[in-house]
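Chain IDs A, B, C, D, E and F follow the sequence of writing; residue 1 opens each chain.
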Amino acid sequence: MTRADGRSNDELRPITITRNWLDHAAGSVLVEFGRTRVLCAASASEGVPRWRKGSGLGWVTAEYAMLPAATNTRSDRESVKGRIGGRTHEISRLVGRSLRAVIDYKALGENTIVLDCDVLQADGGTRTAAITGAYVALADACAHLKGLGALPGDPLTGSVAAISVGIIDGEPRLDLPYEEDVRAETDMNVVMTGDGKYVEIQGTAEADPFDRVMLDGLLALAEKGCADLTRIQKEALAS
Amino acid sequence: MTRADGRSNDELRPITITRNWLDHAAGSVLVEFGRTRVLCAASASEGVPRWRKGSGLGWVTAEYAMLPAATNTRSDRESVKGRIGGRTHEISRLVGRSLRAVIDYKALGENTIVLDCDVLQADGGTRTAAITGAYVALADACAHLKGLGALPGDPLTGSVAAISVGIIDGEPRLDLPYEEDVRAETDMNVVMTGDGKYVEIQGTAEADPFDRVMLDGLLALAEKGCADLTRIQKEALAS
Amino acid sequence: MTRADGRSNDELRPITITRNWLDHAAGSVLVEFGRTRVLCAASASEGVPRWRKGSGLGWVTAEYAMLPAATNTRSDRESVKGRIGGRTHEISRLVGRSLRAVIDYKALGENTIVLDCDVLQADGGTRTAAITGAYVALADACAHLKGLGALPGDPLTGSVAAISVGIIDGEPRLDLPYEEDVRAETDMNVVMTGDGKYVEIQGTAEADPFDRVMLDGLLALAEKGCADLTRIQKEALAS
Amino acid sequence: MTRADGRSNDELRPITITRNWLDHAAGSVLVEFGRTRVLCAASASEGVPRWRKGSGLGWVTAEYAMLPAATNTRSDRESVKGRIGGRTHEISRLVGRSLRAVIDYKALGENTIVLDCDVLQADGGTRTAAITGAYVALADACAHLKGLGALPGDPLTGSVAAISVGIIDGEPRLDLPYEEDVRAETDMNVVMTGDGKYVEIQGTAEADPFDRVMLDGLLALAEKGCADLTRIQKEALAS
Amino acid sequence: MTRADGRSNDELRPITITRNWLDHAAGSVLVEFGRTRVLCAASASEGVPRWRKGSGLGWVTAEYAMLPAATNTRSDRESVKGRIGGRTHEISRLVGRSLRAVIDYKALGENTIVLDCDVLQADGGTRTAAITGAYVALADACAHLKGLGALPGDPLTGSVAAISVGIIDGEPRLDLPYEEDVRAETDMNVVMTGDGKYVEIQGTAEADPFDRVMLDGLLALAEKGCADLTRIQKEALAS
Amino acid sequence: MTRADGRSNDELRPITITRNWLDHAAGSVLVEFGRTRVLCAASASEGVPRWRKGSGLGWVTAEYAMLPAATNTRSDRESVKGRIGGRTHEISRLVGRSLRAVIDYKALGENTIVLDCDVLQADGGTRTAAITGAYVALADACAHLKGLGALPGDPLTGSVAAISVGIIDGEPRLDLPYEEDVRAETDMNVVMTGDGKYVEIQGTAEADPFDRVMLDGLLALAEKGCADLTRIQKEALAS
């Protein structure tokens, strides 16, 4: 059984990371996982939220959103509806937590970096593309701030990347596009550091509960995918 | 190293499940995990949301919330703030997905059951208590509806329970109270069916990323905890 | 003509006041008027709202709300709707005003006590139960703060209780449960101090306007009911 | 002791009722209680709210609001704040209930009349002016609809008026302007029908609880004031 | 071809400006353009918005709104809907900009004047009436503040008025009432200073795009209308 | 005096129009006016808003928004603030009106096309870029729908483009980037059809009111700019 796009089960879609896509932001990346396209912008500002003032520590947070025409069928704007949906909240929080896992707040000083991840086109894996791209934008922003002499140290303690895995027709697959995602019996998003440790695991049995054997299969695939993404991030930052 | 409340690392807090705590709801449970106290009410109504009409399939959803005085420091009401926070959204969605994992929509017919999980007192593990208690309320509601002849079949395909595990001072512990939760390096919530399969895994490295050995340790503890909760649920439903 | 629950027209439903129902709040009470069950929690904090700062005076306020499954038919959450309804606003204000009638702001010092009155189950008279229970929670909170040496004086200048009265089939009745409330031609809520003075009178002709004779009958009943509640409050606080 | 404006304690401020102040509304009144000035407009439309459809019964409701510059110090717009305050909700509901007390829903047929009461200038007693003026606008709207042959009967079963009374320096006074209102120990709003029955009583001890003697004094004053207003309403409608 | 109300194409409707319509505001005007009736109130307060603090400069802003019964068919309140519509936003901003065109911020000192323009009755041209009336209220407020010695200088650098023009059946007309406004092929609002310069031009082809000849015709009419209004404003302020 | 980017006063910035930038939308364009970059997506759906049902006529509308990192300093998301700002409302309405000026509703049939114009990067002229690009996306969407046989006729009656003009240091300039826009004494946006007629004129004196000579100068420049844009649109659609 082969996949619709001809990939093997443990193969990523074509990944591209275009740095400096915007002129104003301290760091910005257009990241593409196949047809999924996310614009990640890192905006830096002096100061931290009120609850953190005077601590000497910085802050990193993220906001995820999707343009109305990003999906097959146009979705309503959350600004027009006047409220943010649960899914948006959930992913924004996930992206923020994932990035904070590789941040040394002390080395950042009392500065705040906001990562805006706006999905321009969605074809599955938008949250994992967002995390993977946002890391690169964050790295660029840190380098930019260091160049300005604005940081007491080097805030990045490592790198972070994320990938989706799922069980389709009983077998584990890596990096699901939309058409596989909707068919997946189980769907898992895994966030890992560049040195192979877990930052976040979110696995959901969409249809049938899954057993430990399946879980181990998914974790192995995710580990492979995150390692591939780590390499691609490094190449992008080196170019 | 012992825990502040004298428990061993793989031991649950005292768990109590009080059924029929309310007079109106089709099913209702006051569930206690130590000092954490959640009121779970299952309200049944004919009909399903618009997008499901005419399908012959039922629907189960959940709403989680916390009373202002449930926590150590009073929190503002989300109704007063005029918007639901990300955490509330996230947990409501988790509870709903977890319960739907053991529901046969066809056997439910075009009926909707809403599970309201209101935290009366919070001491860690509110979402896992909510899932564990809500399952019992859901079971009671299904039995109630069957007794009325309102269901085409038996909608419950199994049972579901949830527990938190975490790494404190380098070692895995089961069922974290608040004081352990805030100190945990890694925090994981695991939802499992009564027959030992995974419904949902949500693991987060709060401080340091964790490795595969730690992950396996946490999963083993969670399996033990969910099995204990499954037994307690069965006893409650049998009484 | 007898009442469905066998009470005489001037008789309260069984009233129970359970103190210290929560672990965190400065004072907390589960109050029951028959099947109506309200959780009243008093949360104390240093400081007062901005408009009162530097005055040396304290502040007491209240928030009333109803859980979705409290009523016969599930009601939508106000947090989900994104706005608080008029009835909720109205009752929150009433509870706050009633409690402030027995507070010496100067003796409270610049401290704030918030009374959260959450209706866990509703069967008529929720606002009067809330006031009656909240007073006991407030008394406990004041005692608690005094024990901590946090108050310049004794803020309580008296006690306060509340009861509903109404005209059913032409005759006045005390403490209406839901089934009587919906049938009442006139419905009145009366808040009185422990020494028999009026704090608030809210009478509404639901169907036909009422005359002075009816009004006097209702006031007499309410006076009797509030005196009974005052005695029950005293017993609860003495135990 | 005399009042600042020279009135005796049982005397109304100068009351004027200007009918047909607007061109579009089915009925419209500019009502003035001294310097308090409220524009009351009755808008009629075919049909009733969904919960009443097919009942053959009509509906009457009201919305009260205050222009930002109506008060001494400009107040923020509720539309700008994005939410309606508790006071506004409370008064809107009071005005609606008061008018419905003299409406025969059957004679109205399945029509809805909305009374908009917008306070152009506030100097105490805005809610009582609103009720008193809205009744006249409602009467005009009913007459207008009857003239069009749009009503199955005569929906008005009587008239309704409202007045404030309060205790200032220990003595009861009628129709309080703002400067008396803020000083009142007790403040009561009374809504009565033209034939002297009570529709609504709302009495609040702003400072000290009041006793039965005071209450009787206030009720007597209010009765006198409502009778005066009823006469003025009749004259306005006759002109 | 004559207009329904008998006016010639370059003739204003009857314009009346009633000053001091309110007791509290620093300046207040009831302005009427035919049946269009707008209450303009200028509220002054010490201080400026945060972003302007310490600049020594004042601020002038405006809020436009329409009462529900102002139009032929009752419109819903924006406070009830919980959000301000695009049209309201647009006009509020236009009124504010127009008035600021004749304000010397330095001479105003760090004071803020808010112009509330509430449409009591709408018959076309509400925004132009609002601007024209608000200028007079603003002038009164400035004079009032000067009288109090609260201003460092004279903030008014000129006067401002506004008028609508449109193309109906191919010919330009001045000051459109509602029935002409809805039929207009092109609709333009022009704001001019008392000395004949443009502050704002907003022209919209409602049906067919218009050419330069039409545009010139509309501009000529508007110039004439604004000059007439300037004269009327002067007379009102002189009386 | 030359411009910072070396352009002459009547010269556009480099304009690029990239069609089919998205895979899902019926038409999509990335339009660039210098560094201003707007993604315009046309989403088509069967059916029209309720107020238009059964008319046989179609509908075209637009929503404009700006990504947080589009500007120099990050702006807050309107979805997070829970309300749409006045500027956003204003521009969305302008874009919609401009496009509707070249639509034959009958030829569109009961279909709706929504134009989403999301500013990815802002450097002045975002609304004019949005209109100019949205027209091309709309043309593509119409062609796409015609290809599907979904339209009764050809809905486009012409083309539409828009440009900003302004007075800087006393002289008129075409197509202002941000740094000129903030310095402009007068700022005007002009929307014209491909055959040189006006659809919308919005001119604002930011600092000093302007006279007729200046106005004529601005209109002449705008006419030239719109003609240039019309040619560029044609080329883009021909490629």
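Simple rule for what comes next: a contact is a pair of C-beta atoms (placed from the backbone, for glycine too) under 8 Å apart; a residue touches a chain by one contact, two chains touch by 3 or more.
It should be emphasised that the depicted structure is a prediction, and the values quoted were computed from it without experimental measurement.
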| item | value |
| --- | --- |
| Required minimum of steps from chain A to chain D, each step between chains that touch | 3 |
| Listed chain pair A-F, C-D or E-F that repeats interface B-C [over half of contact pairs the same by residue number] | A-F |
| Chain D and chain E: spacing of chain centres that average the CA atoms, whole Å | 33 |
| Centroid distance [mean C-alpha coordinates] between chain C and chain A, Å | 50 |
| In chain F, residues with contacts to at least two other chains | 82-84 |
| Ordered ring members, chain D first, chain E second | D, E, F, A, B, C |
| Residues of chain A that touch chain B when the two form their complex | 83-87, 89-90, 92-93, 97, 101, 158, 188, 192-193, 196-205, 208-212, 215, 219 |
| Chain E partner contacts - residues on chain D that touch it in the complex | 22-25, 28, 35, 39, 41, 43, 45, 63, 65, 67-72, 74, 77-84, 88, 114, 116, 118, 120-121, 123 |
